[in-house]
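Chain IDs A, B, C and D follow the sequence of writing; residue 1 opens each chain.
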Amino acid sequence: MRKLKFSQAINEAFEIAMQINPNVICYGLGVDDPKGVFGTTLGLKEKFGKDRVFDTPASENAMTGIAIGASLNGIRPVMTHQRLDFSLLSMDQIINNAAKFHFMFGGQHTVPITIRMITGRGWGQGPTHSQNLQSIFAHIPGLKVVMPTTAYDAKGLLLSSIFDDNPVIFIEHRWLHNLESDVPEGDYRIEIGKSKKISDGFDLTIVSMSYMTVEAIHALEILKKSDIHCDLIDIRSVKPMDWTTIFHSVKKTGRLLTLDTGVGQGSVSSDIIAEVCHNCWSSLKAQPERLSLPDMPTPTSPSLTKHFYRRSEDIINIVSKMLGKDLDGYALIDRDGLPHDVPGDWFKGPF
Amino acid sequence: MEHTLKINLFKKLFKIRTVEETIADKYTEWEMRCPTHLSTGQEGVAAGVCQALEDDDFVFSSHRSHAHYIAKGGDIRKMIAEIYGKSTGCSAGRGGSMHLIDKSVGFLGSTSIVGGTIPLAAGVALSVKLKNSSQVTCTFFGDAAVEEGVFYETINYAVTNKLPVLFICENNLYSVYSPLSVRQPENRNIFEMVEGIGISVDHGNGNDPWEVFEKSRNAVGKIRELQIPIFLEFSTYRWREHCGPFFDNDIGYRTETEFLHWKEKDPLQFFENMLLEQRVIDESQIQSIKAGIIDEVNEAFQFAHDSDFPDFTGIQNSVYHS
Amino acid sequence: MRKLKFSQAINEAFEIAMQINPNVICYGLGVDDPKGVFGTTLGLKEKFGKDRVFDTPASENAMTGIAIGASLNGIRPVMTHQRLDFSLLSMDQIINNAAKFHFMFGGQHTVPITIRMITGRGWGQGPTHSQNLQSIFAHIPGLKVVMPTTAYDAKGLLLSSIFDDNPVIFIEHRWLHNLESDVPEGDYRIEIGKSKKISDGFDLTIVSMSYMTVEAIHALEILKKSDIHCDLIDIRSVKPMDWTTIFHSVKKTGRLLTLDTGVGQGSVSSDIIAEVCHNCWSSLKAQPERLSLPDMPTPTSPSLTKHFYRRSEDIINIVSKMLGKDLDGYALIDRDGLPHDVPGDWFKGPF
Amino acid sequence: MEHTLKINLFKKLFKIRTVEETIADKYTEWEMRCPTHLSTGQEGVAAGVCQALEDDDFVFSSHRSHAHYIAKGGDIRKMIAEIYGKSTGCSAGRGGSMHLIDKSVGFLGSTSIVGGTIPLAAGVALSVKLKNSSQVTCTFFGDAAVEEGVFYETINYAVTNKLPVLFICENNLYSVYSPLSVRQPENRNIFEMVEGIGISVDHGNGNDPWEVFEKSRNAVGKIRELQIPIFLEFSTYRWREHCGPFFDNDIGYRTETEFLHWKEKDPLQFFENMLLEQRVIDESQIQSIKAGIIDEVNEAFQFAHDSDFPDFTGIQNSVYHS
């Protein structure tokens, strides 16, 4: 099948959505600029005109309210933040309005907006340009929160998000933008709230999200060589969560490891453990574990981020420990001299 | 034509007053169990502005929303039922006094966060523009809402993109108990400041309903014709406490004298006198209009009172639209 | 000893702090008005003058930034939001600045600010006036989050918060304001990050916060009659969390119930379960449980809030179930006709 | 006196230019691994404003902060080391290019969120007032920052409470690749709009460092004397791409012609010529000043390069102050 990059898949989803529905609009800082938000919005303005694809002032709270308002009258706005961190200026509109309008007006309003937020790691993005705050949004009833990993999922989930009648926070990890996968042409949807099983095994269940799934895939390849086989579940949406699949897997393996791109405290990865305890208690053979960021702001220097972020090596080590083995991830993985703070050769900062 | 307009305007004024004062009367029965911000004294702005709007124009409001809801033609039975927390309420009992809606007359909603609906109005105006409709979207807010950054951001955006929005600021001098002096620069008129952002502005006496109407009609006409946003500031005064049914001139944040000064300028009485003087209407017609409205309001309270409470069962499935 | 109401204790803490340190200031919407934020700030302006106690415009984000700025130059601002919900307008300043300044400038700045936020339940506060979002703040490295239950703790913790060199989110539940407890005169501090053991027992550990502790105390009285005895830990601060005390207790009882004033997803009560699993696995005799709000916005009507909020009755039922008994909380508690949506007779809405 | 001022101003300008261009040169070694926004072309504003401030006055800045840090007298060795992510960096390697600090000269910090430091400056000014000090607090920001609500909220508060803040808007016509036209109303000058909020304003040519200095000196004097806030807008232009070391006039968001037009108005060359014409300084003095600064800058890069990286161990204990 045809392969596309994650960023191209996003772009294609936009194109399809805007083609099939004239009410879909796309805006945000820089969506029509020469870089097109890492390529994800390139060409849209040329195809759909400046009424439907446009730049905005740096006014995050108002622009979010404007998306909500437009959506109340049938428009399906997709708003983009080049960094999730900027959305903190609009928490009022997201939490007090978008998340509540459907419920608090007795079901009479729908708020079909999608807010894209880009998160990242590495290359000195530092404390205010790399926060992975999906758990904050997941804490808010009325929001949906989506975190695709593959290009295939990115396209299908963006289409579903745009045509969902509820506000969807759509989180893209910058390190995924260049990864390729098979992407069918045309319109297809992936159900929000359904996870994807990436690999099968009886030893342990790994529940992962977004870029951490890529690290997990690498780890699992190495683990296989030591005859360790895990269920890897890419949750794809953080809210709603696909509990059925998670419980089913843990009931099979009896062991749970959650991977989070963010800080552990107050996180969805804690929830997964709490819900698994509630629903699969008698199946658990060992204590469930969580691999997340340390409880500190992101440091900037590469010498600091090196130990701050979690990688395949760390996954191998924790899995190994949970299974009573003594593999050393750092000895097993050879990164071939590639610096730890970039996703690949194609990435030449600063963005 | 103008005759009917005036009578309709009077009806709006009296209906708002009657609803608000009936709420005040009955509030201490403690059956309306939610924060409630009454508009008594401020009816002129709501009625005058909404009189200038078409049925399919849109309106948003804030925490002090009853007057706007009623003036836009919202169903008062559903409104009172909402305040009583009943299943027949306009928001099915989930929203309360601060979260009213009546989409059938273009009243798209009120919310309790100061400034919260201002960008929503711009968003609806954007949608109207995209759909090539000529509807006007109006949002009502108080003098404190202009202190929120989102107000400024919205005006800037609406001007830059020529959005057909009517921004109505009801300046009643207070934010809860705080006078303007602790919140905004001395000698700075709100409308002048806002004009600096680049929007057309006007201002007027909010307690003269006809002036409000004329200025609004003028603004609405321009908005439709030129596809631009306009900001209007109207001075007015709330009679009762910020939130709740009582008078509170005794607690010290404002004086009885100030209150009486403004009570003199009662928009309802003012307009009633004007209609009588202009012989638009006579005393007996007034009495019969009033009687009709009082009946309607009483019936609405009865309806609300008699309605059932909503059931919790199943409500968790209404968080998302599916 | 002298008894004070929670609201008076807050007031006294302010008075002491402002007396012993001229750099303490108190501001926020209505702090100097006739109601004095439910009595908590009454009289302060008269005592300390309008330069140190003042009202502000409705400009939450700027006023938070102003607090941070002042604190960088030695001032200790205490800012008050009459509702936590309003603070959502200032998430940018809280998360991007306050939480990070100490760390991201290499330790050269301190941000000694306290932000009081009032939460509540009942009396139709509804979807946008009653959100209990402590877990969002707990998710942010660099913040401290405090939730006192008793008047005694309120005073000691507010004093500690004001004199802490880090940003502290100080959450007061409206239903606690009128509750009395012994409160010593003068200056005393309660360490942020230390919980309080409220009762002892071998059957089960309840970890609770803020107003839920009051409901738990009622529940425990009833449970005692059925010879059920629990450790009740009032965590008092949500971040940092007093893990030592929690783990110690769970190791003793083998059973854990967490009570939360907010929604369960992405919550600190999930964290407690995750951390207990990690640290006390072999002691656990049964699955840990969580009692929190359903994942929906707060409805307004009293007929809806009745089933939305968690009360002693629900605590009894879940404890009973966890211990394999069959007590019925609703049969055991007689509320004497008091409506469920007010904390007591003294409360006459609307605030 | 004026002579020394001019030479100091020239030194500031040249030092900023030299640092920025050296970063641009060395950036593709990919040892500076963080987003970096260069100020080449905009030196006039930073240098002129800071020349008007005292050592113990305070300064905040934004993402494009190098010029302000250097102009206020910040230690460039620590700055370069910070960009290299070294333990000797001004923020110990935790902040990078967008988070600079040098408290010893009153440079209280720069941050990356547009508009984020604007209220901080008002907060410091409040503290200064409470402490009865006469310090001025200055905050630098771009033309996009005025679009954030927090800017407006801060100006409103600063005016209402007469806070001694100097707000400096560097209008370089762009926010990343977005021209003013898509962000702000046509024919609306920023300084005029801001004046409407109630603050004293002035504006000038940011590429004339002496004009910037004189207007700033005047403003700083008024702020100290009258204890009021003042807003100044200076027009200027960034030469290189928004973020990173390259030129990008080829990618289409602005024209080479526009760039060349502004390059003609190079503030450094302009001021150098002015000093030569006014005979403040001669060519050989200029060369020796330049040589000294170039040495200093090279030494700073060497220092940064040679410094150690910070250790992760223990850093988790530095999240909170204890």
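Here, a residue touches a chain if its C-beta (ideal position, glycine included) is under 8 Å from a C-beta of that chain, and two chains touch if they have at least 3 such contacts.
Note that the coordinates shown come from a computational prediction; the quantities given were computed from them, not determined experimentally.
K.L.:
Listed by label, which chains are in contact with subunit A and with subunit D?
P.N.:
B, C
K.L.:
Can you compute the centre-to-centre distance for subunit A and subunit C, using the mean CA position of each chain? Integer Å is fine.
P.N.:
31
K.L.:
Just give me the whole-number Å value for how far the CA centre of subunit A lies from that of subunit B.
P.N.:
Measuring from centre to centre gives 42 Å for this pair.
K.L.:
Approximately how many whole Å separate the CA-defined centres of subunit B and subunit C?
P.N.:
36
K.L.:
I need the residues of subunit A touching at least two other chains; which ones are they?
P.N.:
56-57, 59, 61-62, 85, 89, 92, 96, 103-104, 126-128, 141-142, 295-297, 299-300
K.L.:
Which subunit D residues reach two or more other chains?
P.N.:
89, 91, 93-95, 99, 111, 113, 116, 147-150, 153, 156, 160, 182-184, 319, in rising order.
K.L.:
How would one label the connectivity among the chains shown: line, ring, star, complete, or other?
P.N.:
Shape = complete; every chain linked to every other.
K.L.:
Residue numbers of subunit C touching subunit D in their complex, please.
P.N.:
These residues of subunit C touch subunit D: 23, 25, 51-52, 56-57, 59, 61-75, 77, 92-93, 96-97, 101-110, 141-142, 144, 165-166.
K.L.:
Tell me, which parts of subunit A touch subunit C in their complex?
P.N.:
Answer in residue numbers: 61, 85, 88-89, 91-92, 95-96, 99-100, 103-104, 126-128, 131, 133, 135-136, 138-142, 239, 262-271, 273-274, 277-278, 281, 286-290, 295-297, 299-300.
K.L.:
Which residues of subunit D touch subunit A in the complex?
P.N.:
Where subunit D meets subunit A, its residues are 30, 33-36, 85-86, 89, 91, 93-99, 111-116, 144-145, 147-150, 175-178, 182-184, 243-244, 251-253, 309-312, 315-316, 319.
K.L.:
Applying the document's contact rule, which stretches of subunit B touch subunit A when the two form their complex?
P.N.:
Counting only subunit B, the residues touching subunit A are 58, 89-95, 99, 101, 103, 108-109, 111, 113, 116-131, 137, 149-150, 153-154, 156-157, 160, 318-322.
K.L.:
Quick check: in the complex, which residue numbers of subunit B touch subunit D?
P.N.:
Against subunit D, subunit B makes touches at 147-153, 156, 159-160, 182-186, 188, 192-198.
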